[in-house]
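What follows is a pair of complexes built around subunit A, which joins subunit B in one and subunit C in the other.
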Partner chain A sequence: MINCLELREIELFYKNRRIGDKISCRFEKGRVNLIVGRAGSGKSTLLRAIAGFHKEFSGKIFADDMSFDSEGRIALAFQNPENLFFNPSVGDEVCYALIQKDDKEFRQKGIAWLEKWGIEASAFWKKHPFELSGGEKRKVALSACTVLLPEVILLDEPLAGLDFQGREKLAGIISQIARDHIVIIVTHDPENLIDLTGRVLFIGDQAVEFKCVNEFIAKSLQEPDFYPLPDWYVQAMEQKPIKKHIPRLRAESVFKYLQGTAEDADYLFAG
Partner chain B sequence: MQITYSPADSALYRLNPFIKGLGTLFIILLFSVTMQGLFSLFFSLVLTILLAILFKVELKPILISIEKIWLLLLLVGIIQGFSTGNFNPESLLIAVIRIIGVFVTSGIFVTISSQSELMYFWEQSFRPLNLFGFQARELALVMVISVRFLPVILGELDRIRMAQMARGARFSHGVGLKAVKSLMPLLIPTLSLAIIRAEDLALAMEARGYCVSRQRTRYNHFSIGFFDIFVCGIMLGTILAYVLQIRF
Partner chain C sequence: MILFDRVSYRYKENQETSFALEEVSFSLAQNQIIGFIGSNGCGKTTCARLIAGLLKPVSGKVTVCGIDTASEDAEIHRKVGIIFQNPDNQIVGTTVEEDIAFGLENLALPRDEMQRRIESVCRELRFEKFLKLPVSHLSGGQKQQLCIASILVMQPEWLIFDEPTSHLDPWARREFYQVIKHLIESRKVGIIMISQVPDDFDLFEEIHLFSKGRLLFTGKPEELKYREDLQPMFSFPEKWYLDRLQKEKNDQLS
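Up next, the complex of A and B:
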């Protein structure tokens, strides 16, 4: 199993045009790794380059200091993976990749993997994917995209379009999976993943930075032009001076505080 | 590089959209139906390109896109080359120039016509069908929307292909029914997304007050000018000259 995926001097190109600066960073197993940046900065293109779908790049990718070949070692879930459903049941959808690989134990493996993503196989196995709720669809789609259990899992905005509770649950599941796999996520909501994240790769207009998540959030709060965090988050964080450790802020707590049902600002940071 | 409307200011751009469409059809027929020799066809193609350059048409995307139809050019060229039994390079070249001529002319029409002009052209073309109670405007709208969304759907198809490959799909294995079945991961999501997009568009149009049966006003009014009459004259003159050449 790979413990560390290292990008050395990666320079991305799109139709012969260079995108951004050179990227060098190390993604490690055990914690979720984030890639953030403004729209069009090349985040999704970087994921595709790591997965071997985007060939226009220079530089090297190493796995535990050995040259990395993505073939069969990576799963990549694109944005809105539920749009890829084409099978008549959840079971068929999840087992599709295993069946393609002629895996005889596809059913057992499919059930186990689906359960790991928080979907009860006995209740959902025979359901049509379009019968599920938004959050359930997302979980089924992500489990279908990653069922081959590769060493590296790349997810492009997995939390986008989900409600607060759906995000919380899915983020928890992803952090569980990150214990045994290298998980790299492209996201626009780093503030939702503070507890789970190891390091953040920020692809900016001027420079590329690879930071610890607390450092990244602190810098974003101090310099709003660096990375725009949502207003509710910035205003709630203004209630308390920023210290070295940045607590995770729950949108639910902020909502109660703003409604006036919470006693004082400390409630926001109670966890 | 995609062939799309690229605005510029020239007499060709200012032509009435219906005359633009008619002229395009005329040149396409000139390339595809008329019995011309190799030199005459080549001269027609060069003249079309020179006129396009003169009237400030952005030709680069069209000429680059010829590369995409090289297989068609090769196949049709070879078939035509052997059409008389022995291989005749002149027949091959004639077939290739005919296809390139039709392709370049259609490309020029798309480059010089905005969406509302295309809509106007289709509307005017389907107008005779109104006599039979057919809604020409609606059919024109359907045509324009289909053309407008074709690049979007193709882009989506490419994205879905990549995403399905990332989850282990293989598209080119098996023969017959098995081969068709292997394309399902590509076809079903593309079709379902196209239907969702169509419904969203229909809802958005209804929300903005679009109604099929209502008579609507037009933002752009197109009139017939001197240059339009001049172009019609050239077309009629060419047809007359061609007919006279055949008869005598």
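Up next, the complex of A and C:
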């Protein structure tokens, strides 16, 4: 099992056109690694490069100091779920990878995994993936893509289109997986994942920064142009200047922080 | 005005497990931003398709600007502009200008009227500098603005956005909010916005909350926020929860 996936001076290209600055960072297991930044900054391309689908880049990727070969070791859930679907039914989609692996219990495993993501198998198993609502497509794609749970899990905007319950469910599944897998997630909605996050890779117009989640939130609060956090959190935090610890992006934690009754569990992971 | 009179809809008839929109009734007035919210699969997009005349009700009646959507009157497609979640599915031209002109071509307008509309909408959205560009050069947020421009030149009375901000970065979301506020102030139009993004909820002047094919709540966000009885059907965003905690505390103090 890999403990650390390291990017050393990665530069991405499309037909010799360079996308963004050099990226160096270390993604570890134990906690989620987030990637945030402007649209077009190269986040999806970076995930595809790690997965081995995008070959045009310079620099090196290491797994525990050995050159990383992605073959059979990664799952990548695309930004657009429709790009993943190629089977005629939800059931076939989820079981596909299991059947490829000659797993005899593919059916039971497929059903259980799909339900874990909040899709009721009895109602959806035979449906065509294109006849689903936006959020249902997202859930089926995430479920189908992660069913084998390889060592490295890459999710490109997995929260887009999910309802609040779906987001909480995703957070629950991911927090378990991240304990012994390397999980890297690109998102524009860090609110629901920040509690699970260890480090954040920020890809900006001016600079690329790799920070502990605590420092990332602190900088975003101090410099609103750096990264816009949810309005409610920013407004609440204006009432009381931050000291060393920063409250989680949860109503209850922020409320206790403002009251001066916050406990350790109400603060963000501080590295 | 949009009227839903006991509207039912099913994608597949006679299947027990399949989704059904059940006898939904409501009316929507223009000149405001209306939010459609609810869990995945509750029927928001289905309602949007019914309003735009892309689906016809199985029973009941949908009336938009006085037109019964079942009447096959093509006028409906001019009255309602719908912007789907993935802008790529909607862009047809190869350059920005071509894409904006596409819908207008079918209206048989004089050339100079077409040009006038394109210019005025692009000026309004500050989109002029992109007119000659190939659409492949636009970012996600810019593609969405292109879809808005292509629809605005048709001068619709209703605009429906299906999860417009889900794929926008937080900077582009804020730009989108400015565009929306400007649209509602500058013309006679109604805006319906489907969303799962909590920051969007601040825009809504009226909310329609759906659950499993039924309309659960219609009213002001300020009212919905305190309806804890509805929480089992729809998890409220953190920001509403914080407002409630603060209100409870203030109530205690006073």
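The rule we apply is simple: the second predicted complex is superposed on the first by the 199 of 271 C-alpha atoms of A that agree within 3 Å, B and C clash if a C-alpha of one lies under 4 Å from a C-alpha of the other, contacts with A are read in each partner's own complex, and residues count from 1 in each chain.
One rule holds for everything that comes next: a contact is a pair of C-beta atoms (placed from the backbone, for glycine too) under 8 Å apart; a residue touches a chain by one contact, two chains touch by 3 or more.
Since the structure is predicted, the reported quantities are computational estimates derived from the model, not experimental observations.
S.K.: Going by the contact rule set out at the top, does A:222 touch subunit B (first), subunit C (second), both, or neither?
M.R.: neither
S.K.: After superposition on the shared chain, which partner residues are touched by A:231: those of subunit B (first), subunit C (second), both, or neither?
M.R.: After superposition on chain A, A:231 lies in contact with subunit C alone.
S.K.: Please indicate which partner A:38 is in contact with in the superposed arrangement: first for subunit B, second for subunit C, both, or neither.
M.R.: Second partner only, subunit C.
S.K.: Identify the partner contact of A:101: answer first if only subunit B is touched, second if only subunit C is, both if each is, neither if none is.
M.R.: First partner only, subunit B.
S.K.: Quick one: classify A:53 as touching subunit B (first), subunit C (second), both or neither.
M.R.: In the superposition, A:53 contacts subunit B only.
S.K.: Applying the touch criterion given at the start, work out whether A:135 contacts subunit B, subunit C, both or neither, answering first, second, both or neither.
M.R.: A:135: touches subunit C, not subunit B.
S.K.: Who contacts more of subunit A, subunit B or subunit C?
M.R.: Ranking subunit B and subunit C by residues of subunit A touched puts C first.
S.K.: Looking at the overlay, what does A:83 touch: subunit B (first), subunit C (second), both, or neither?
M.R.: first
S.K.: Show me the subunit A residues, by the header's touch rule, that subunit B contacts in one structure and subunit C contacts in the other.
M.R.: Subunit A residues touching both partners: none found.
S.K.: Inside the complex, what are the residues of subunit A that reach subunit C?
M.R.: Subunit A reaches subunit C through residues 37-40, 79-80, 118, 122-123, 131-136, 138-139, 157, 160-166, 168, 188-189, 191, 227-232, 236, 249-252, 254-255, 259.
S.K.: List the residues on subunit A that touch subunit B in their complex, please.
M.R.: Contact set of subunit A toward subunit B: 48, 51, 53, 75-78, 81, 83-86, 96-97, 100-101, 144-145, 147-148.
S.K.: Show me the residue ranges of subunit B that touch subunit A in the complex, using the header's touch definition.
M.R.: 159-160, 162-170, 184-185, 187-189, 192-193
S.K.: Show me the residue ranges of subunit C that touch subunit A in the complex, using the header's touch definition.
M.R.: Residue positions touching the partner: 11, 17, 38-41, 45, 85-86, 139-141, 162-163, 166-174, 196-199, 202, 234-239, 241-242, 245-246, 249.
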